[in-house]
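In this document, chain identifiers A, B, C, D, E and F correspond to the written order of the chains, with residue numbering beginning at 1 in each.
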Amino acid sequence: MGIDLLLQNVLNPPVLLFLLGLGAVLLKTDLDIPQPLPKLFSLYLLIAIGLHGGYELSKSGITPDVLKVLFLAMLMAVLVPLYAFFILRLKLDIYNAVAISATYGSISAVTFITAGSFLNTLGEHYGGYMVAAMTLMESPAIIIGLVLLSLFAKRNNEGINWGEVFREAFLNPSVYILMGTLIIGFLTGEKGWKAMEPLFGVLFKGMLAFFLLDMGIVAGRRIGEIKKVGLFLIAFGILLPILNATLAIALAKFLGLAKGDAFMFSILCASASYIAVPAAMRLSVPEANPSLYVTMSLAITFPFNIAVGIPLYYFFINMLWG
Amino acid sequence: MGIDLLLQNVLNPPVLLFLLGLGAVLLKTDLDIPQPLPKLFSLYLLIAIGLHGGYELSKSGITPDVLKVLFLAMLMAVLVPLYAFFILRLKLDIYNAVAISATYGSISAVTFITAGSFLNTLGEHYGGYMVAAMTLMESPAIIIGLVLLSLFAKRNNEGINWGEVFREAFLNPSVYILMGTLIIGFLTGEKGWKAMEPLFGVLFKGMLAFFLLDMGIVAGRRIGEIKKVGLFLIAFGILLPILNATLAIALAKFLGLAKGDAFMFSILCASASYIAVPAAMRLSVPEANPSLYVTMSLAITFPFNIAVGIPLYYFFINMLWG
Amino acid sequence: MGIDLLLQNVLNPPVLLFLLGLGAVLLKTDLDIPQPLPKLFSLYLLIAIGLHGGYELSKSGITPDVLKVLFLAMLMAVLVPLYAFFILRLKLDIYNAVAISATYGSISAVTFITAGSFLNTLGEHYGGYMVAAMTLMESPAIIIGLVLLSLFAKRNNEGINWGEVFREAFLNPSVYILMGTLIIGFLTGEKGWKAMEPLFGVLFKGMLAFFLLDMGIVAGRRIGEIKKVGLFLIAFGILLPILNATLAIALAKFLGLAKGDAFMFSILCASASYIAVPAAMRLSVPEANPSLYVTMSLAITFPFNIAVGIPLYYFFINMLWG
Amino acid sequence: MKSMKKVEVVVDSVYLSRALEILEKSGVSGYTVIRDVLGKGERGLMSGDEPTDVFKNSYIFTVCEEKTALRVAEEIKPLLKKVGGLCLLSDVVWIPHR
Amino acid sequence: MKSMKKVEVVVDSVYLSRALEILEKSGVSGYTVIRDVLGKGERGLMSGDEPTDVFKNSYIFTVCEEKTALRVAEEIKPLLKKVGGLCLLSDVVWIPHR
Amino acid sequence: MKSMKKVEVVVDSVYLSRALEILEKSGVSGYTVIRDVLGKGERGLMSGDEPTDVFKNSYIFTVCEEKTALRVAEEIKPLLKKVGGLCLLSDVVWIPHR
């Protein structure tokens, strides 16, 4: 992989602030971004990306190319948790396998956003419908996970409350806010975006940097737990994203996606959820150990993707798309 | 009313975000903007509107026209709680009549701001002294309410602590911050505003949209209580604002206010307080039921004004001013 | 001192908002900026100043002039707590003398920032390396204070945990974040700054104003404690800053610093810490009374510097540098 | 003055609403909740700093007659068994003000 | 070790400062306050999510001699009668450290 | 149901981690922490509104056997003596759910 790509990714204030946050914990500095400030940043980023994606979509319209991307998104959102589950079952009990596979089947919006900002620095771009694809990919893994659970686990006392499961999957706050602002951006078009751009467009990179500082702290706090996770899951947390990205790139090439879209799609497949899915799993699969799935997603896969995955997947794509 | 006006109002990111917040609660999504983030937005909006109003006032100076507006503001701030009280007494006990009439006699800054942003979209504008008028209109209703209370209620044990009442009325945080930033904006003029504009001017619409998302959630949470409020009070919460706006428009026409000013004045009269007055009422009239006055103001009158009232009053004004 | 300088300083939205905050407490208005919102502002300001300073440093490079400034900074960071300690020992026990001298030996970033914004208004500027100087000056006073303590106090039970002391001094959150963002700004240079400027540059003055509103409230809440502090310490809280600034100006003139740098350096020497050092003192010298050192720093020296010190030191410098 | 029982419950915040439902069904007349409590127990540290709300507890207490208290304790056991937490009973004197 | 009484009070946050005044007048030597507590009681749900601070409680506890405790309970009754809330007494052992 | 002791500690937030270390060393099996509690005591008002965290308390409680409780009380005394605070013991019944 071109060293310059790696540097180009790392020598960016957002990524460096992530490392600064990590370092703050490793050096035991007491640096803290207390709740609910991180919530402010994450809400901001979701709204910003939704509004902007909707606006872009209103410009491009819903073309066959867009439908192709959405189809691919659905496909991978179903496939990834399935094969992840059977890989995990080699070593784990059913409950933890379900929770972890759902986590990796879903996506991380902040990884997506950071990748978008990296693409931006290189002077390339991606279609606004990728945000719609991201929104589509958040939920299915939760459903797949619980279907697997009801197929393979024999829980003595109670069945799964499917109504609640569907609400958790499709109406959790991240999905709702992304979907909602996507539609608002679409409906209000150019005029709406012009009014929102000073806050939700111009300040975007700075807010991302601010939030990544917090993500670094949070990831750093979990690093101590990595050793409890065990070698198998550490390897899983790095290799599965690479596998997912590779598959995604192959499919994207096969179906002829544009370069930037292919890159963002590989990022979506490679990233793991650390907000929506863990919350859903804690509720629906209390038997699974949150220290496993949250630590893997936050302290292994997220930093890996931010620092190495983004330039790595881009390197592959650059080779194939030229 | 022109359907296009209604659409023009609704198809705006701020109003749509309000509806998104409402929907989040109705669909039970767990979406939440945790305290004190909403406080950040409301403080921001108050400071922004105060500084900008003060700056505008420093440009226009305090002319006879300005004094006319301030006089009208005082007049309505005294009249509205008075007639509201006697209407409410048809069905309610004294305590609740006092609390509700004070709530409707005062104003809602966010309704004012949203209306201003609507006016803006239409390419029209209003004078900075309207902010001074708004500040003037916050407090009198509290005093009027408590005067009515001491006239009509015979509380056995204790009198009203008028010193505290006046402090609550004139030195509550909203009045203080509006008044203070208005003066600061006036004193520092063009130069001061230029320094503050990047934060307090340019980002204004975006912050309003963000805050309205929260207001939607808050209003949504209260919607369940509407049925406890009863038909009389629901009707009151919609008809009184219309009555107040009509009266305001008539007076404004009679005294020859400019079109934008007349519109903003009608909004002030039509809106009901949901911060300053409820807090004051909870302290001074604990016998009244906060579920009534807060629910009416937040879940009935506020959404009505935001979605329907703003284009409706504008429609009337457009007919009269042409 | 030129009255116009004083006015030029005071008639600025940030300083006026500070006074508004002060007034809010004195008039008992209940105005409050609840935690952790102030933390958001202070983090923002530290990151902004660090990134910008680093960027400026990347443009100027590390010249002999820069090294001269850093040397001066170190010198004063060691000298001030030493002479402050012996002055304080005239009236105070060892523990309080240590805590207060450490407080005054360190610096206040917000005073620095406010002074920078004042300089800006006058159309002058200072070198980005001043931020490096500030970072250098935060920590030594803590070490000096505890060395004095171990020399002069005979604590019966336990020695000082020097490892923890050094961590508190050099890895407290403010020092860490300033140092880190300074390096990030330096590494990412022009390109990095361009990406961060919309948030961390353009909005700077507005955020400072917002934060000073909170500082006014906080200072106001402590004003009631001033009388408990006693006349000696009140005088100390005003005269020591003037003495420090005078010494700093003399040294700066002697070593030929540029005008803006000399001014910012005098501000650093004149200001007292109210975050990093108090936290360190509470941990390492629990025998000292935090009401003394926090009240002096927050309610006496900070307001004095903001309102009077800044134009006063500038007046001196203007005379000497012309 | 009246002798009553205080029931205290600590439970993962994700399950707060379920715990409150159980309280209501058991017939308590009121309760007080402190959200975002941290803690450590069998299932490790709940340090509350995640972007998820997965690692946060809530603390609930309710004051009621002994009979109701025992019912609450009984009814909440299955939830605590499934998701962890804590339930305590103690004696208090309630000062009636009405 | 010393046997003492713990007095716990839950009151609408709007009235916190008034409740603390009453405590001080009754002669307590100290108290601890948790702001922004939620709850449900006779006057409905205090869910704390309003822009107003109208629907939030505060929780106070103070440890003192029995005599003082009874005085606190007596003095705070009128406030609770007027605005609602809760007052509890219980036994604790205070571990003196001075 | 099991008779246990509840130990409650109020301490300056700056010293929270030290207090928790003491608890762990004394052998408690778990604890619950409420951060950012306000209060008033010998050392004046802890109103929590400083930019520093100097004027804030934390509240900790742990439920354990009497023997452990007494050990906690003994071990935490020196810290409280040095930096102020509060330590209380009381009786509770623990409802086991496992």
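Rule of thumb we're sticking to: a contact is a pair of C-beta atoms (placed from the backbone, for glycine too) under 8 Å apart; a residue touches a chain by one contact, two chains touch by 3 or more.
Keep in mind that what you see is a predicted model, and the values were worked out from it rather than measured.
> Which other chains touch subunit B while also touching subunit D?
Expected: A, E.
> Kindly list the shared contact partners of subunit C and subunit F, in label order.
Correct list: empty, since no chain touches both.
> Is the number of contacting C-beta pairs greater for B-E or for B-C?
B-C
> Quick check on subunit A against subunit B: do more than half of the interface residue numbers occur in both copies, making it same, or fewer, making it different?
Subunit A and subunit B contact each other through largely non-matching residue numbers.
> What's the chain with its C-alpha centre farthest out from subunit E?
It is A whose centre lies farthest from that of subunit E.
> Report, in whole Å, the distance between the mean C-alpha point of subunit A and the mean C-alpha point of subunit D.
Centre separation, subunit A to subunit D: 35 Å.
> Could you state the distance in Å from the CA-based centre of subunit D to that of subunit F?
Once rounded, the distance between the two centres reads 19 Å.
> Could you tell me the distance, in whole angstrom, between the mean C-alpha positions of subunit B and subunit F?
One centre to the other, that is 46 Å.
> Where in subunit B do residues touch two or more of the other chains?
32, 35-36, 40, 203
> Identify all positions of subunit E at which a residue touches two or more other chains, and write them in rising order.
34, 90-91
> Show me, using the given definition of touch, all chain pairs that touch one another.
A-B, A-C, A-D, B-C, B-E, C-F, D-E, D-F, E-F
> For the complex, give me every residue of subunit D touching subunit F.
8, 10, 34, 37-42, 57, 59, 73, 76-77, 80-81, 85-91
> Contact residues on subunit C for subunit A in the complex?
That would be residues 35-36, 39-40, 43-44, 47, 51, 167, 171-173, 176-177, 180-181, 184, 187-188, 192, 195-196, 198-200, 203 of subunit C.
> Touching residues of subunit A toward subunit C in the complex: what are they?
Interface residues on the subunit A side: 11-13, 16-17, 20, 23-24, 27-37, 40, 121, 202-203, 205-207, 209-210, 213.
> Along subunit C, where are the residues that touch subunit F in the complex?
Touching subunit F: residues 32, 35, 38, 42, 215, 217-218, 221, 274-275, 278-279, 282-283, 286, 290-291, 294, 298 of subunit C.
> Residue numbers of subunit D touching subunit A in their complex, please.
Within the complex, subunit D touches subunit A at residues 12, 14-15, 36, 44, 47-55, 82-83.
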